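There are two complexes below, and they share chain A, which is joined by chain B in the first and by chain C in the second.
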Partner chain A sequence: MEIGLDIFLQVVVWGLYAGCIYILLATGLNLIFGVMKVVNFAHGQLLMIGAYVTFSFFVLTGFNPYVLLAASVPILIILGVSIERLCFRPIMGTGKLNEIFISIGLIYILENVAAMIWTDEWKVIKSPFEAITVTVGSMKIPVDYIIIIITTAVTLVALYLFLKKSRLGLAVRATSQNRKAAMLVGINVERMDMLSFGIGAGLAGAAGTLWVVSGQVFNPYMGSVPAVKAFAIVIIGGLGSIPGAIIGGLLLGIAENFTVFTIGGAWKDAIAFLILIIVLVLKPTGLFGEKAE
Partner chain B sequence: MKLQYAFLLIAIVVIGAFLSGCTQQQASTASGQALKIGVVASMTGPSSTTGKDVWQSAELAADEINAKGGVYVKELGKSVPIVLVQGDDESTREGGQKAVSRMLTQDNVDMLVGGFSSAVVSAHQSMVAEHNVPYIITGASTPVITRRTDVNTSFMFHHAPTTDDSGSQTTLFIDEGIRPAINEKFGYSADRPLRLAVLYQDSPYGKGHLEAVKNTISNSSLNIKVVAEESFKMGESDFRTALTSIKSADPDVVYVAAFLNEQIPIETQAMRDVDLKKIFIAIEPNDDPDFYKGVGKYGEYSIIQSRFSPYTVPKGPTEAATKKFVTDFDKKYGGFPGMMGVATYEGVYIGAKAVENAGTLNKLAVRNAIADLQMPQMVEAMKGQTINFSRDFRESKFDLTMEQLIWDPAVNETRPKIVSPQNLKETGFVLPDWFVPAKA
Partner chain C sequence: MLMDEKNRVILFICLAVLAFAFLLPLATGQNAYYLTVLILMVIFIIFASAWNFLTYSGQGSLGHAAFFGIGGYISALVAMKSGLTPYLTIFFGGAGAALTGLFIGAICVRMKEWFLAMVTFGFAVIIQVLVASQFREITGGWDGIAAPPLISSSVPNYLLYEYYSILVIAVAVLLLFRYILQSKTGLAFSAIRENELEARAAGIDPVRYKLFAFMVSAFFAGLAGALEIHYLGYITPEIFGVDISFWPIIYSISGGLGTLAGPVIGTIVITLLWDGLQSLGLTYPRFIIIGVILVLVVIFLPRGLVSLPGEIRKRAPGWMAWVHKRIPR
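And then the complex of A and B:
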């Protein structure tokens, strides 16, 4: 297939946009895994709750949905902290099977609670900037996608600064690297668990808001597909590696979109696992992963 | 520790309850004699909106029939009430198998109606065939449902337009309605081929439409060239790249075979993100209030192939029945019953009529009565104004309409106007000013 430069760049932009949602989701997932060594299968459902929180505040207040990040992120942080405190902490150390069952159970509980509160009909809201486009060469890019890409970049920079420059971030990283040693130097690791789960859920909430703003439809059952992609990214990038989640997210977003363009949409989901297999064969710990304990 | 185990146990019980795929049964009669109809509906999962329409419409029909004394069964010498059994397919193949298996083996239903999604229905057909229970399928649209040879489908009847029916009529409309309008407006010669792109769900439903479009073009020698065929996975929400690919193929018209949750982002992303100023065609499952609300201004001037619309009623013999059904449903449940709802409503009546004609609840006799049925059309306009099933593949045939969405400032949404067929049309097809024809 012959691809003009404008079409090529357009597909790259769609890939970057998709990558942003994946990155936010996968980074949160990785942060939780890095600190707690827990795989939260219900992470996609946190994105879904973030979407509904944005929707509800938008309907109630009529505020610009981007401003509603200020609602969805804190609410999801509180939800994340509650889930960690009530569901995961009591079973920490009792075996992986318990963690798996808890997170699978959470999928159904969160979906059904969302269906009960918001019904299971598809919802959609419109961005106030939907009619605004930016011309780049021969391309017209809706300004919403530029805002989404910038918002994701700012969020990741803020996360980086928090983890690298703050004492709390240092404690999170220390817990992630060696839980026992962190305890020995006086770090309250349970507090770090709560914090990392909260931040992870907050990032999923941000992904939910950006999902809604881009005009995507959503219902209580929409979280599973993005979650599966996020898991693939986490494995591609390396378990527990945040740079890995970022590179993996961008790689997958762009690869998926070029697959749709060249081979067809039926292969879109398969490409994530094709990349995953190739990466695991060449580097079993993922692109940025460290050796397993 | 005990508290932790108790919590885990509760969690497992809750999960188990959600996963169990329970069937729900209306209250049985005191005598125990009743016509038990299993309703296969997606009560949970992504298709639950449609599933609830299906169940509630079946319930409305059963209540109406029961209020009139039930179904007369000659063999019993009396009328028996209809008892509905709900089988939630959970919007999945596995869920459908669980629900149908339970209705056949534990609830011992006399017949089945419903069945949303070709993929879900295909997965449980072999169970139905094994038990020889009459099944009036009112949702799935692939013709394969009653034409497949690997399963005995002789007890299955298809009361919904097939993808062949709707694909064919829509393609003919593109040729007879849209192609001349483009040629006339832009001064093209009458023999200029119309460039058509097809964006279809990668499922029996979507592939069935693609095949129907191509077969119609070929069999009727239409002057239409298919310039792009793009597929997407069921439930997809990001169509930007597929639409960019379609844009690069430069079509005049984009035929979309998608469900409502896909059609809304497709038209929105096409107009807003990809600047694809073409005529979009949607297929009948989208003719729903949620579609008009969701697609907003982006749906203006697009076409929907329909047979039962929330906002327009074809003039003619079914007009009064349609209005009554919509009003009764709204009064009882609130909202619009949807196209699969109305087909299921008719499906319950078809089942009841067949039992009356057969004079028995014997499944083979009822199956034969459905096959021989000649019943006046009810809510939906049928070919020959009669509900009957073809001898070869047991399909009923519908009169389909093409509607164009026109902006209505009073409601701040688009509203459909019937533009085809000639005998039902409210207005002519309009080519919008923003439309950009293919250069090639």
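And then the complex of A and C:
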């Protein structure tokens, strides 16, 4: 099929927007993995909770859903910190399998608590800016996409500044580089675990809000598919590498949209997995993997 | 053959359990509800044992539903197209699952458990999407397809015969696993699990053994899946659901990982609990209860229910002392 430049650009912009949600999820996963050396398999379920928190506040208050980031992020941070304290802290260091099993238990708990509170029907809300588009050259871009891309960029820059410029961020990076040495220089590594899990969950909450705002449907069991894509990004970009997550997320978002455009919508969810397999076969540590784990 | 005291006790318990499993449906007057619970329980014992077999080689999977479902679909399609009895086609299902397992295993074999867990988890989710949408023509999409029954329902007492045949298969599978694990292959598995580098130094090829473990595990997961759908009489993409991947893990962990008895005990206990909670009307809360149990078992009883007697023996003196201190004299 012949694809003109304008269509190409359009697909890239759609891809950037779709990639944003995955980037937020994957960055959180990588931050948690960097510090705790734990992959949180229930990360997609945190996105789902974030989506429902946004939905509830939207129904209750009628605020602009973008403002509700101020509700979903703090609530998810609190949830993340509680999960770290109650579930992961007791089994840290007892073996990777245990950490995987804890995540599985969490998936069951989160999905079904959500189903009890909000029922298991598909829900959707509409963004107030739904009908507004911005014309750039020959492209029509919905203003929602632009807001989502900017929100994600601002969040990531804030995270970057926190990690690079603040003392607390320095401590987080030190813990993720060498846990024992960090302990020796007086860093409370358990507090860093809590902090990184909290931030990771908060990012998932933001992703949940953006999911809802972009008009995508959600139910209590929808968390697995975005989670799988986040895993794919994490593997593609390299486990524990945040720049890898950003580039991997953008690549996946764009690849997905090209798939929809060329092969058909049904393969949209499978393309992440195909890319994943290709990367694993060619470069098992991921494109930006720092070290083999 | 000479056996020490402990082994004789274990053999006796196994035989007693088998006799009980054989007589139970007769004693309850072939109650259809009990038979259904028993049949599904035995199928999941095969499934959980197959999953557990993988962990002997130091690998783990979060997506065994993929093999369970592939086995089911292949067996259903072959049985429908060829008219062969499901008792033969389940082996086609197992073989298809084993080939898929070989493919997934080959991608991940050089990687550590995180990658394997993420890839298998993703594989099950993706295959569900594909089966439901892309391969709709042959799989019937979300509506699914009918699967020929194991034994035609016109045969009197067909449920009882299905139960006995599945029970025989389960016992055969468990004996086969026991045989493999006690052979040199089993030793190689433990060597790889404990320290892959040392195993390689000792002349064991980890890749070969890991792939073998993955294939065997996927084969019997597929076989269990085929048995389930022929028993149910239909198959839908829901067979690839995340919860189907997690059941064998939950059964194996709560029973005791890395033991042959673990998945069996875990399946029996959790299934009974599950059906008990269902009859209390706790449809959603029971998932939460199972999730909480899983978290608690991992934290407080990491070696599962099989380690419970030992744990109690170890801690009982402490408890007794605690009680004695508080009894006023």
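To be clear about the criterion, the second predicted complex is superposed on the first by the 290 of 293 C-alpha atoms of A that agree within 3 Å, B and C clash if a C-alpha of one lies under 4 Å from a C-alpha of the other, contacts with A are read in each partner's own complex, and residues count from 1 in each chain.
Following the convention adopted for this analysis, a residue touches a chain if its C-beta (ideal position, glycine included) is under 8 Å from a C-beta of that chain, and two chains touch if they have at least 3 such contacts.
As the structure is a prediction and not an experimental result, all values here were calculated from the model.
**Student:** After the overlay on chain A, what do you see for chain B versus chain C, clash or fit?
**Tutor:** With chain A aligned, chain B runs into chain C, so clash.
**Student:** Counting only touches as set out at the top, which of chain B and chain C does A:Trp14 meet: first, second, both, neither?
**Tutor:** first
**Student:** Is A:Leu161 contacted by the first partner chain B, the second partner chain C, both or neither?
**Tutor:** Touch partners of A:Leu161: none, neither chain B nor chain C.
**Student:** Contacts for A:Leu5 in the overlay, against chain B (first) and chain C (second): which applies, first, second, both or neither?
**Tutor:** neither
**Student:** Which partner does A:Met116 reach: the first (chain B), the second (chain C), both, or neither?
**Tutor:** Only chain C is touched by A:Met116; chain B is not.
**Student:** Could you tell me if A:Val136 is touching chain B, chain C, both of them or neither one (first, second, both, neither)?
**Tutor:** Neither partner.
**Student:** After the superposition on A, what does A:Pro90 contact: first (chain B), second (chain C), both or neither?
**Tutor:** Both chain B and chain C are touched by A:Pro90.
**Student:** Once the structures are superposed on A, label A:Val67 by its partner contacts, choosing first (chain B), second (chain C), both or neither.
**Tutor:** neither
**Student:** With both complexes superposed on chain A, which partner does A:Ile150 reach: first (chain B), second (chain C), both or neither?
**Tutor:** Touch status of A:Ile150: no partner.
**Student:** With both complexes superposed on chain A, which partner does A:Leu276 reach: first (chain B), second (chain C), both or neither?
**Tutor:** The second partner, chain C, only.
**Student:** Superposing on chain A puts chain B and chain C in one frame; which of 57-65, 75-83, 111-119 or 417-425 is the clashing stretch?
**Tutor:** 111-119
**Student:** Chain A residues touched by both chain B and chain C?
**Tutor:** Residues 90-91, 94, 98, 101-102, 104-105, 108-109, 112, 115, 221, 225, 266, 269 of chain A touch both chain B and chain C.
**Student:** What does chain A use to touch chain B in their complex?
**Tutor:** Where chain A meets chain B, its residues are 3-4, 7, 10-11, 14-15, 17-18, 90-91, 94, 98, 101-102, 104-105, 108-109, 112, 115, 120-122, 124, 126, 130-131, 140, 142, 145, 215-219, 221-222, 225, 257-258, 260-261, 264-266, 268-269.
**Student:** Considering only the defined contacts, which chain A positions touch chain C in the complex?
**Tutor:** Touch residues, chain A against chain C: 33, 39, 41, 87, 90-91, 94, 96-98, 100-102, 104-109, 111-113, 115-116, 221, 224-225, 228, 231-232, 234-235, 239, 266-267, 269-270, 272-273, 276-277, 280-281, 284, 293.
**Student:** Can you list the chain C residues touching chain A in their complex?
**Tutor:** 55, 60, 62, 107-108, 110-115, 117-119, 121-123, 125-126, 129-130, 133-134, 242-243, 246, 249-250, 253, 257, 284-285, 287-288, 290-295, 298-299, 302
**Student:** Chain A touches which residues of chain B in the complex?
**Tutor:** 3-4, 7-8, 11-12, 14-15, 18-19, 44-46, 48-49, 91, 202, 230-233, 235-238, 240-242, 244-245, 247-248, 260-261, 264-265, 268-269, 272-275, 290, 294, 296
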